[in-house]
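Naming follows writing order (A, B, C, D, E and F), and every chain is counted from residue 1.
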Amino acid sequence: MKISGRNFIQGKVLDIKKGATTAHVHVEIAGGVVLTASITNEAVEDLKLKKGMSVYALIKASDVMIAVD
Amino acid sequence: MKISGRNFIQGKVLDIKKGATTAHVHVEIAGGVVLTASITNEAVEDLKLKKGMSVYALIKASDVMIAVD
Amino acid sequence: MKISGRNFIQGKVLDIKKGATTAHVHVEIAGGVVLTASITNEAVEDLKLKKGMSVYALIKASDVMIAVD
Amino acid sequence: MKISGRNFIQGKVLDIKKGATTAHVHVEIAGGVVLTASITNEAVEDLKLKKGMSVYALIKASDVMIAVD
Amino acid sequence: MKISGRNFIQGKVLDIKKGATTAHVHVEIAGGVVLTASITNEAVEDLKLKKGMSVYALIKASDVMIAVD
Amino acid sequence: MKISGRNFIQGKVLDIKKGATTAHVHVEIAGGVVLTASITNEAVEDLKLKKGMSVYALIKASDVMIAVD
């Protein structure tokens, strides 16, 4: 499958914190960078996400901002 | 400055393609990962973005999805 | 592949309008509903999108609002 | 009222799951397609959303991705 | 009509810059604050947006970040 | 620091409601307008957000819609 979202980054699940409806997933990508994803609990269950699992982070280009010092 | 957006990733501008109103910026982060940001031309000018410049990519956690094979 | 984004809807490309950097794609889904996606030209080329092609629309649940009359 | 968001789709509330601050609402649209919306509990109360209610799903075009097999 | 998006702010169109597919609209709200909206040209035409027109800016709560100095 | 997100609006925290993983923050900006931000609990703690604190709301232009009566 190919997706129009331009940012598709391989990583590994570090931890998952499920709330009442929304879960936060930390994913370590290359260079030790850690991404945080806020997704539904439903998705965590549907994808059977577990600590250590190999995953991809997917981010639409229009959701990426740039900051400079 | 501190920002609530949980993903704040150091990188370097690889190239900038300006369209009529919207620009696409490629940013190389750690491990050779390249992010694509779709931002306004206004922002490119306001931040004086140039190839090779050190920048940060900023992404809100609620805009990050997870995919599994 | 499975994606955390909860809205993954089968459809067919009706037309594609490419701008300078950003393209608009109309996708007809079940019941004659037509969705509009604003994606990068890069993605249109990478996915080789063409009129009549079978595709999926993918939308994160946190990007869906509800309105009532 | 008219809204710039290009995707405005009639449907019916299937169910609502309220969490501590965030609710998930399933909306059935034409052709039996079910959308998931993640909205605030505040909005659920303000719109008096109930199972079976006629609603619209509203999605900005820049939040729609395309995927191909 | 009522919308789940929690930020619905009255304002006036200051100017509209149409690109090839995407337009940028500046809207002045209370206190002289100016918002920038990036929307489709299609929406500009459909809503017949003109300089000086009274409009609302609509922003989903999950798209608002907080920054501190 | 400068950020590509075109909407950067000074305000004051009115209240914070933390859920299990997601918090809702109300911010009063100029003219008595109140914005709602849905952010992670992590961010509330990291920024040490408190009632009465001076903050900025940050919103990407591509997340702003326009509505007309």
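Just so we're on the same page, a contact is a pair of C-beta atoms (placed from the backbone, for glycine too) under 8 Å apart; a residue touches a chain by one contact, two chains touch by 3 or more.
This is a predicted model, so every value here is computed, not measured.
Shared contact partners of chain C and chain D, listed by label, are A, E.
Farthest from chain F, judged by the mean position of CA atoms in each chain, is C. Looking across A-C, C-D or B-C, the interface that copies B-F in more than half of its residue contact pairs is found at A-C. Measuring from the averaged C-alpha position of chain C to that of chain F gives a distance of 29 Å.
Averaging C-alpha coordinates per chain places the centre of chain D 23 Å away from that of chain F. For chain E, residues touching at least two other chains, in rising order: 1-6, 19-20, 22, 24, 36-40, 42-43, 47, 58, 60-63, 65-69. Counting only pairs that meet the touch rule, the chains in contact are A-B, A-C, A-D, A-F, B-C, B-E, B-F, C-D, C-E, D-E, D-F, E-F.
Here chain D touches chain E in the complex through residues 1-6, 37-40, 42-44, 46-47, 58, 61-62, going by the rule given at the top. Chain B makes touch with chain E in their complex at residues 1-5, 19-22, 40, 42, 60, 62.
The residues of chain C lying in touch with chain E in their complex are 17-20, 22-24, 36, 38, 62-63, 65-69. Contact residues of chain E toward chain F in the complex are 3, 5-9, 24-25, 27, 29-33, 35-39, 43, 47-49, 53-69.
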